[in-house]
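You will see two complexes here that share chain A, one where it goes with chain B and one where it goes with chain C.
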Partner chain A sequence: MVDVLAEATTSTSAPVAAAPRRGPGLTPYLFLAPYALLFLTFTLAPAAYGLWISLHDWDYLLPGKPFVGLDNYKALFSSTSPVFDFFWQSMQATGVFTVFSVPLLVAVPLGIALILNRSFKGRTVFRAVYFAPYVLGVAVIGVLWRFLLDPNLGAVNALLGAIGLPDSTAWTTGLPWAWVSLVGVTVWWTLGFNAVIYIAGLQDIPRELYDAAKVDGAGRWAEFRHVTLPGLRPVLLFVVINTILASSNMFGQAYLITQGAPGVETRTAIMYIAEEGLRSYRMGSAAAMSYLLTLALLLISMVTFRLFRTKD
Partner chain B sequence: MKPHLSRRGLLGLGVGAGGAVLLGACGDDGPNPVVGGGQNAQPAATNYTGPNVALTFWNGFTGGDGPVMKALVDRFNSENPNIKVTMNVYEWADYYQKVPAAVSTGNGPDLGIMHVEQVATNAARGVVLPLDDVAASLQLKEDDFSPPVWRAGVYNNKRYAIPLDVHPLGMFYNKSVLEKAGLDPDNPPKTKDDYMKALDALKSKGVQGHWATPFPFTGTMQFESLTWQFGGQLFDEQASKPLFAEAPGVQALTWLTDLVKNGYSPKNVAQDADLIALQNGKAAFNWNGIWTINTLKGVKGLTWGVSALPTIGSQPAAWAGSHNFVQFKQRTPDANKLQAGKVFINFISKNSIEWAKGGQVPARKEIREGAEFKGLTEQAAIGSQIDNLHFPPSVPGIPDAMATIDTAINEAILLRKEPGKALADAAAKASQILEQNRKKYGG
Partner chain C sequence: MGRVRGIAWYTMLSGLSLVFIAPVVWMLITSFKTPDEATRVPPTLLPQDPTTSAYDTLFGGDSQTPVLRWFLNSLLAASGQALLVLVVASMAAYALARMDFRGKKIVFSMIIATMFVPIFTLIIPNFLIIDRLGWLDSLWGLIIPGAASAFGVFFLRQFFLGLPRELEEAAVLEGANSWQIFTKVILPLSKPALATLAVIAFLTNWNDFIWPVYVLFSPENFTLPPGLGTLQGAYNINYPVIMAGASLASIPVLILFVVAQRYIIEGVSRSGLKG
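Entry: the complex of A and B
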């Protein structure tokens, strides 16, 4: 890339070396090129191809991939189709998880970031402690918590029993406990990431604003509302959108900890799409589901952007 | 060892599985459909004298069985200097997604292992080759194997798989727990009455004897075993409709669910908790796969035994899986490689007593009935069920329909739905899936 760049600068600037800057020219596009190439090859082209697949009865190994038009989409809205119940059940599961995990993943890390942003002894250690679980892969945390949360043999129920609380909660096999577990584990696992972003954001807020607020007689709460929150707005938008998208893509935790149980109540959309496409080889149907999920996420993201904008 | 792809099934796909659509992008139109006997129409020779060839052999033996197979492969390589077999191991779930994709791009392995219920699907999708010639030239016939195992590898009147082993369910029991409840640790229950008496005796000592698990491992396998015991079937022979929601299936699931309702099993048993409970002395019995032998051998201080499943219904029956050899379709068929592959299949099959030591029941009768296998006490105890084993019909896409059973078992054993209702709901779903499959595979 360095070579390309060097060449680019010489080829655009050398002949007109005497002239002052003459507009952006090719340079920005060259900077963009590597990314754009990857984006086109691995995101845009497959996405377009996926749209094409979703219009077919598609099994990549069968010679016939009949064109079915919008049938795969229609099936998702027809209550008599084999996919209808399962798909919407899985969308609901994704929705439930997102609704409960996002507020926690936005608020709790913010609180932690506020505390960790103050100066006290051992601050770095705490920062590391909160970030540490994020480093673990989903397989590790999944297996770990599946054992800890086992309703009959797990450490969590044993500890609760030891202090006189109910000791037979169905953490992984009953409702609403399965959701409590999945949300709880996810918050524990990922809050460090959002906290780090918040800390970076907090450090960008000019100290003078806090000084000015103090001069104006603002208390802690007023300081937070009128200085910290507005200062964090871009960071907050990033965290909210990112967390919504991440939560909507939840898959590994439910797959490993609850296996979608009880019944298929905790089988998320991604989990079902993967089963339909990769296990049952109905790629067309799975692609149609992916597009519906994508559409839903686009809408939610747009609404979120809107909400943040109207506050201005 | 994975019968359906349910457990940990899609894990290997990772978090980016939303890219289901992307997978379609990696091949062209796939290999040609299987027509006629094709390149395997002639009987194959039983030895290989051609130029040196290298074969790739993929399988999912990630557990204690991996090293056993590797040792067999090494022995084959040293005895056949003109053939070099290289073995690659993947998680089964990965394997079943990787292999078709690899075959479609022309990068597939030469040889592999498949579970019996996967064979028809992969045959219909043109991933594996017919192996009638191997059976013919090696003079393998039904008599050399057990009929259900041997027949399970046939799809559309052509053989696609040579069985290596069967891995049935057996009844594992904790001897010290039985003793504590005043039961004979060397004479585990064989009938329904004995079993219920044992569970009562255990219950009176505060032990929940049989943990009923709502998960496919091994709840679904227990349900399937019991359905056959009560004289039922999961599907009709052509898999035109599900039969698991009929009376025998309901009886089977009711019996399992009643274990929970009557306090013989705790509620809300989680994945693998039933086996852990057996090891911890919290349960007395666990109906689990033959692979559990090696797990339990590794537990220090545990005194345990294993026998055939007790007959709860009207006849003995047990769930079993089976590992089968397959040859994969190549872009450009290489007659030398195909023949060398067949020599390899025959070699491993003939030496499957070594394989049995890894915790399996050899599919070959002569080996199963030999003195050496009888010396493997645990394997032999489970292997005694060989004629009472059942396999799903050889119909493409059958694993998709079977997945609906997993959900019904889960709902019923977690006491969220009555057994009859759970099974009926699943059967309605399964009929739709079967119909979808018929349309897709032209059944």
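Entry: the complex of A and C
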């Protein structure tokens, strides 16, 4: 913003090539101003403010917020600190969730997209149906699946019992079942989103490539490997990164379905950060945790980029 | 496609559809059961004795769970934010798509870069900013902070870039200024894109969970998502009431989805591809 303003005051005098009658002058900055105000206040400033907070012993309820340097960060790496165990437990929970949900959310929607990209009657209806759960929001799907997965009276166990399978699985309270539930519900909920992105990507692959593959006598599988997959590479990269970021944000499902159960095993990093910062009001510590998590995600995203690039 | 293969094809697709639809239908059905029947083992498929008592409980004016109020709050917050997103994002996108100015590249890349900033890094500082502004426990805190939609700017900019320049040039010759071009030429030509963004922004705000759960404290200020969380706590064994609440939260978005699904899906895929 400071930048923008500085530009605004100087550019009026700057020569503008081929300007019709009047240079753009202040006008573009005026058009940008309302957005810039919101962007500065609620995106850029808080990003910096959070770093500042993380360097303080920032108890929301107390008047003094002493500067403590990197102590909040050091505490996260010191096994004697009170937050150490809970923090890494929650990071592990987020890690477990990500490791199991990302491959499923990358592969299954691709299969669905390949099916829904073929031309047949009613294709748009099926696309809509598979996408529909995504518009419901995590609060609705959370309370809904909490009910469906209830070990004693839920429809899932009743259905399993009806077809002769074990009917008393502790979907919401036992391990590893709580993870199966959280991953399963998330795949069910968000699969349509990735599928739609794949479909758009599939449509951008030039038809001629497929025709050429046919001329070369390629079968279905060869066609998929040599035309579809390479054509989808940028889309695939987007889906992988986007899904990793979304998984690392997992909150509502665990908050509503397992409530961290059986103990705190399914309490994810965001859940713990929110509790520490916004329930216990230890905001400095919570801010430090969120930046450490961001750093981890940045590294993972960079590694992913690398992996996709070196496949050339 | 052969007849037999056709039948197999549609059977597979329909079976898969059932997986996506059945839970939602179950939610609706349960909301019309009695608490007793909702927890019967084995469950009944259709309500033996259909009742709207769950909805009566919800709308019965329980001061701890004022569901009608939550519904209106959700409606206000989501439409308020959608409107704000449309105004500020379209103006910014217009400048970025159609004007030359110094710093344009930097501004645009900064906006795009924030699409990849994890939301949770902003939650704690934004909580403090909202507190400073006196917006904690109010709808303002729900409407304003999320309105700087990077996606909105990106999406509209892409659309504006594709609009023909001729009409704009004609307006310039007639002496129209930038604001007139924006409101009389660009915006009317962009109705489909604006509608798409409005729907996406509405859905996003309507379904937001973590932020309202932590910045709203009084039951009368809740929106539906935190409200549903408290319903689950308050009526732990009364599943019809919880399912009725979930149905109420779903109905507007499902209607919106059915009406605008082509645009929503297009918007999603566009945001994904060229992001």
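Quick note on the criterion: the second predicted complex is superposed on the first by the 269 of 312 C-alpha atoms of A that agree within 3 Å, B and C clash if a C-alpha of one lies under 4 Å from a C-alpha of the other, contacts with A are read in each partner's own complex, and residues count from 1 in each chain.
Going forward, contacts are C-beta pairs under 8 Å (C-beta built on N, C-alpha and C of every residue); 3 or more make two chains touch, one makes a residue touch a chain.
In this text, all values refer to a predicted model and were calculated from it rather than measured experimentally.
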First, second, both or neither for A:151, with chain B first and chain C second: first
Chain B versus chain C as contact partner of A:57, first or second or both or neither: first
Partner chain(s) touched by A:305 [first = chain B, second = chain C, both, neither]: neither
Which superposed partner A:280 touches (first chain B, second chain C, both, neither): first
First, second, both or neither for A:67, with chain B first and chain C second: neither
Chain B versus chain C as contact partner of A:262, first or second or both or neither: first
Superposition-derived comparison: chain B or chain C, residues of chain A touched: C
First (chain B), second (chain C), both or neither touched by A:245: second
First, second, both or neither for A:46, with chain B first and chain C second: both
Partner chain(s) touched by A:82 [first = chain B, second = chain C, both, neither]: first
Shared chain A surface residues [contacts with chain B and with chain C]: 45-47, 49-50, 53, 60, 138-139, 146, 152-153, 249, 251-252, 255-256, 270, 273-274, 277-278, 283, 286-287, 290, 293
Parts of chain A lying in touch with chain B, wherever the complex brings them together: 45-47, 49-50, 53-54, 57-63, 65, 81-82, 85-86, 138-139, 146, 149-154, 168, 170, 172-174, 249, 251-252, 255-256, 259, 261-264, 270-271, 273-283, 286-287, 290, 293
Chain A partner contacts - residues on chain B that touch it in the complex: 5-11, 13-15, 17-27, 29-33, 97, 100-101, 103-104, 125-127, 211, 214-215, 266-271, 273, 276-277, 280, 282, 397, 399-400, 403, 407, 410-411, 414, 416-417, 429, 432-433, 436, 440
Residues on chain C engaged by chain A in the complex (per definition of touch): 1, 9-10, 13, 16-17, 19-21, 23-24, 26-27, 30, 39-43, 87-89, 91-92, 94-96, 99-104, 106-107, 110-111, 114, 116-129, 144-148, 150, 153, 172, 178, 182, 203, 206-210, 213-214, 224-226, 228-229, 231-232, 239, 242-243, 245-246, 249-250, 253-254, 256-258, 261-262, 264-265, 268-270, 272-273, 275
Residue numbers on chain A that touch chain C, as the complex places them: 3-4, 7, 10-11, 14, 16, 20-21, 24, 27-29, 31-32, 34-36, 38-39, 41-47, 49-50, 53, 60, 112, 115, 120, 122, 124, 126-133, 135-140, 142-148, 152-153, 155, 158, 161-162, 188, 192-193, 196-197, 199-201, 204, 234-235, 238-239, 242, 245, 248-249, 251-252, 255-256, 270, 273-274, 277-278, 283, 286-287, 290-291, 293-294, 297, 301
